[in-house]
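Below you'll find a set of structures to go through.
Here chain A shows up in two complexes: once beside chain B, once beside chain C.
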Partner chain A sequence: MADKIFRVNMADLTTSIEDIPADWAGHGGRGLTSTIVSAEVEPTCHPLGQNNKLVFAPGLLSGTAAANSGRLSIGAKSPLTGTIKESNSGGTAAQLFAKAGCKALIVEGLPKADNWYSLALTPDGVTITEEKELIGQGNFAVVQALENRIEGKHGLLSIGQAGEMRLASANISIKDPDGSLRSCGRGGLGAVMGAKKIKFITVDPKDGKVAIAKPDAFKDANRIFAKALVDHPVSQALGQYGTNVLTNIINESGGFPTQNFTKGQFEGHESISGETMHDTIKERGGKVKHGCHQGCVIQCSQIYNDADGKKLTAGFEYESIWAMGADCCVDNLDHIAEADRIMDDIGIDTIETSVAMGVAMEAGVLPFGDGAGICKLLTEDITKGTGIGRIIGNGAGSVGRAFGITRVPVVKNQAIPAYDPRAIKGIGITYATSTQGADHTMGYTIATNILNVGGKVDPLTKEGQVELSRNLQIATAAIDSTGMCLFIAFAALDDEKCLPALVDLLNARFDLSLTGDDVVSLGQHILKTERAFNTAAGFTSADDRLPEFFYNEPLPPHNVVFDFSGEEIDTFWDF
Partner chain B sequence: MKISVKLFAYFRDNRFKIKEYDIDEGTTVGNIVDDLNIDREEVGVLMINSRHTNFDVHPVEKDILAIFPVIGGG
Partner chain C sequence: MEDQHPAPHFQLTVASDALILFTTVLQSGIELKSRAGIPMGRFLNELPGFTADYIGDVVQTIFLNGTAIDDLTTPLEGHNPILALSAAMPGLAGAIFRKNSFHSALRTDTKKTDSVDKQQGNLTVTLKLFNSIAQERGLELLKKGVWIKTKPALVFFSKRESLLQKINTIEFEKKTIDTATFLSLLSQSEKINIRIA
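Right, the complex of A and B next:
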């Protein structure tokens, strides 16, 4: 089936299917969402207004048999940061979009009537239907109701109450193979979907399949690629402990932000660690290993049960556990799991919201360590849209402004995640220069600063950090275009067969003759495209800085500050 | 002299989380790893007092040695 662009105009409730413009053809995933947003969205537009567009794109290899190729990218101008935004996630949707022959879905305009809608995407196009029953409901109720309403297997993307209220931390949830949820978490894309009054999108590819230009070469390349992933020890540890294997090592390194970024180590780290989580899951009959999409050979997800053996949450990630745990000083993993489940249900970013809770704790809204209080605020205030609920739901920056707090860990108004940039300096360069606000996944220097993957760069010195972040951000932009999970990068950094096999997969899928250099050029092109959008939206190098307190408040135990000058940070863009 | 040794992830299986060790002067980090029957190839990260270190370093009194397998996440 030839891939097409599917377009929905919510202003007049019309839909169309278009051929792919020649200069979009080589793009997928993040490269495509950023290319489309740059081409069609006025950079100075209001993110929740009529001129913003919400773009969904599966990766170049999504829908094929390639291992770990099930990531879906969603892009728009972000209501949280005001920059261009791409947020990607697993779940089943990416593969189904690709199988339906949809290279990208572009949703534009705002409806004139005060109605809510759903979209149903099939190979024949998109149908818009008015939705009443599920408005005001959380994501799990949407998943359940559609299981009963729709026959057969379908992909599902939905927003919870946070997206309906257009809160700047609202995410878009994607159903996984077991009916749990993954999230395009960062940057408030759920608010853009809410502004367009779309409660959910279903995807049914019917009997659609992705065409492979050279099936034998594809199979050969996939065999090598999957073996490289499976054989890498990082993949094995991810399957056993999940991403939360990081809690103890980041804590040990002294870069584990604690009590709203005032310390680098958390006394209660052991009780929220991956090791404890693994034992608890086993004791309670949960699932240690779980894949968020078909074809994942790493299986870093899990199902975490409560003390009664009932499923509490799934896809319980290190950054969520850190944010609610160390940053808010909560050492009770069950409280953290409960809060994770509530945030999945109301559809709000676990990183942004939990860091916002940490700032709210500093402001005296609730005490540090109050896990039950976090759950209550989520259920009674954010879900219901009270004043304090909306202040927290609009992110860490919003809480800081509302309460006059200066220690607010954000870059471009997006919360800094689980690695302190004073004690792990490479990640500080990534936070500062990322085109999308503070985001560890944009250039994950932790691999090389802490984990000794892809070489070693001392986390506490300045030497080599800008170059490390640059190389990783370029590679990441390219990987995010393929539909591959970013966790392939650990194998790609260490195993010389991995990256060539990925390039061979692309070549076999589309009958191309790309080389490794082309992949680097693609990554560079994407970063420059995104930066040009931000510049046109009014951002300058003065925005590529960390908050003031990182430069003048030493972080124990190493008692270090972030000490890169503006000029040093700006050399990031020398390529 | 006395040091503390901390183990993480599956290195804890049939071993320990933290243990005090009495070592002779001249003992290297590598000697301690070998003594624990941990394959050096499986070691991803070594830290002494929260700073990265290597197999050849000699720990001193009161040092805290942390031994991690190859792990990742994000």
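Right, the complex of A and C next:
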């Protein structure tokens, strides 16, 4: 089946299927969403207005049997940051989009009537249907209702109440193989979907399959690739403890942001650590290992049950646990899990919302450590859209502005995640220079040494450190285009066969002759494309900065500050 | 590593299938006496199961007083150094803190500039074992007996009440005691020696 571009115009409720422009053919995932947004969205447009477009794109390898290739990218101009945005997630949708022959779904315009709609995507096109029953409902109710309403297996993307209210932290949720939810969490893309009055999108590929140009070569490459992933010790740690394995380590380093980024260690960290979570899950009959998409061989997700053995939440990630835990000083894992479940249901980013809670706690809205209070605030205020609920639901920056708080950990108005840049300065460079606001996944660890982008300058100098961060972001942007989970990074870093096998997978899928250099070129192109959009939207190097307090408030216990000057950070873009 | 603490000793006999769950208590740290200035690698070598290969291949992340360490000849000195061991960790931060990592250049320099007290004789090291290191090497330590602070131990047992039911017997001063007495005694001391088998 030849891939096509599926387009939906919500202004006149029409749909079309188009051939892929030559310039877009080599892209997938983040590379494609950013290329389309750059080509078709006016950079100065209002993110919730008629000129913004919401773009969905599976990765280049999604829909194939390639291990860990089930990430779906969603892009638009972000209502949270005002920059270009790509957020990706697991779940079943990426595989099904690809099998339906959809290289990208572009949703444009705003409906004229005050009605809500759903979209149903099949290989034949997209059907728009008015939706009434599920408006005002949370994501779990949508999943349940559609299980009853639609026959057969289907992919599902939906927004909760946060998206309907167009809150800047609203996410887009994607159903996973077990009916749990994964989130394209960052940047408020759920608000863009809400502005377009789309409550949910179903994907049914019928009997569609992804064509592989060289099946035998693909199979061989996948065998090598999957083995490298399975054998790597980080994969094994992720499978046993999930990403929350990081809590003890980052706390030990003094880089575990605590009490709204005033400390680097949290006294209650052992109560929320990955080790404690692992034991709790086993004791309560949950699942320690769980895949968020078909073909995942790492299985870093888990099912966390409550004290009565009933499923409370799934995909309980380090960054969420840190944010609701240490940053808000909550040491009760059950409260954090309950908050995680509520946020999944109302469809709001767990990082942004929890960091916003931390700022709200500093403002005196509720005391630090009040886990039950957080759950109540989520349920009674954010879900119902009260004044304080909307202030918090619009993110950490919103809370800071509303209450006159100066310690607001954001870059380009997006909350800084779980690694304090004063204690781990390399991540600070990524936060500052990311095209999409503070985001730890923008500069992951992708074999920069193997790709020969490991840096030519002494890495112990600031110039070398900026170069290393740049190269991490270049490599990450390329991987984000493949549909691969970023957790392939560690095997790609250490196993010399892994990254070549990934390139071989791409070559076998499309009958290409790519090399590692092409991967680097792709990553550079994506970063430059995104940067150009932001520049046209009015962003300057002055936006590539960490908040002032990171420079003048020493972080205990090491009492360190972030010490990269603006001029040093600006060298990031010298390529 | 000598046993010089004048503190209560407890011996717990636990259902075999639950033994591994007790290793999580090691995330809070155990106290070990050693010689001031001993190289970190040698200190670890003296622990059961910490062979050179295990330290080299599996122990991928080491913190000494909160600073990531690459060099196993680093001496343990000063007042109560805290050593934490982990397997390889995910994320950029995990890579940055990995031993001899390509990305270690992205660390913040957190080494203390003030001179460390170069004491002679013995010192007490707090050793924290995280994740798979605790599971793989913790049982041997627990069987041998470890010194732990009671405050985190009480938190540990309060968060895992079901673990108390997995304890078959608790011996204290050659007498068998129940779990309530055990918890009461824990709250009366700053640290204890505990053997779990």
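Following the convention adopted for this analysis, the second predicted complex is superposed on the first by the 555 of 575 C-alpha atoms of A that agree within 3 Å, B and C clash if a C-alpha of one lies under 4 Å from a C-alpha of the other, contacts with A are read in each partner's own complex, and residues count from 1 in each chain.
To be clear about the criterion, a contact is a pair of C-beta atoms (placed from the backbone, for glycine too) under 8 Å apart; a residue touches a chain by one contact, two chains touch by 3 or more.
For clarity, every value in this text was computed on a predicted model and none was experimentally measured.
Q: When the two structures are overlaid on chain A, which partner does A:T276 contact: first (chain B), second (chain C), both, or neither?
A: A:T276 sits against chain C, while chain B stays out of touch.
Q: Applying the document's definition of touch, where does A:A478 land relative to chain B and chain C: first, second, both, or neither?
A: In the superposed model, A:A478 contacts neither chain B nor chain C.
Q: Quick check on the superposed pair: does A:L522 touch chain B, chain C, both, or neither? Answer first, second, both or neither.
A: After superposition on chain A, A:L522 lies in contact with neither partner.
Q: Answer with first, second, both or neither: which of chain B and chain C does A:G464 touch in the superposed model?
A: Touch status of A:G464: second partner only.
Q: Please determine whether it is chain B or chain C that touches the greater number of chain A residues.
A: Tallying touched residues of chain A, the top partner is C.
Q: Examine A:A195 and indicate which partner it touches, taking first as chain B and second as chain C; both and neither are also allowed.
A: Touch partners of A:A195: none, neither chain B nor chain C.
Q: With both complexes superposed on chain A, which partner does A:G443 reach: first (chain B), second (chain C), both or neither?
A: Only chain C; A:G443 stays clear of chain B.
Q: Taking the superposition as given, does A:N244 touch the first partner, chain B, the second, chain C, both, or neither?
A: first
Q: From the superposed pair, tell me which chain A residues show up as contacts to chain B and also as contacts to chain C.
A: 233-234, 237-238, 240-241, 243, 245-246, 248-249, 252-254, 265, 270, 274-275, 300, 318, 440, 444, 459-460, 487, 490, 557-558
Q: Could you pull out which chain C residues touch chain A in their complex?
A: 21, 24, 27-28, 58, 60-61, 63, 66-68, 84, 86-97, 102-103, 105-110, 128, 130-132, 134, 152, 155-156, 159-160, 162
Q: Provide the residue numbers of chain A that touch chain B in the complex, in ascending order.
A: Residues 233-234, 237-238, 240-246, 248-249, 252-254, 265, 270, 274-275, 300, 318-319, 440-441, 444, 446-447, 450-453, 456, 458-460, 486-487, 490, 557-558.
Q: Over in the complex, which chain B residues touch chain A? Could you list them?
A: 6, 8-10, 12, 17, 42, 44-45, 47, 50-52, 66, 68-74
Q: Please output the residues of chain A touching chain C within their complex, sorted ascending.
A: Spelled out, the residues of chain A in touch with chain C are 232-234, 236-238, 240-241, 243, 245-246, 248-250, 252-255, 265, 270-271, 273-276, 278-280, 282-283, 300, 318, 419, 422-427, 429-430, 440, 443-445, 448-449, 454, 459-460, 464-465, 468-469, 472, 487, 490, 493, 557-558, 560.
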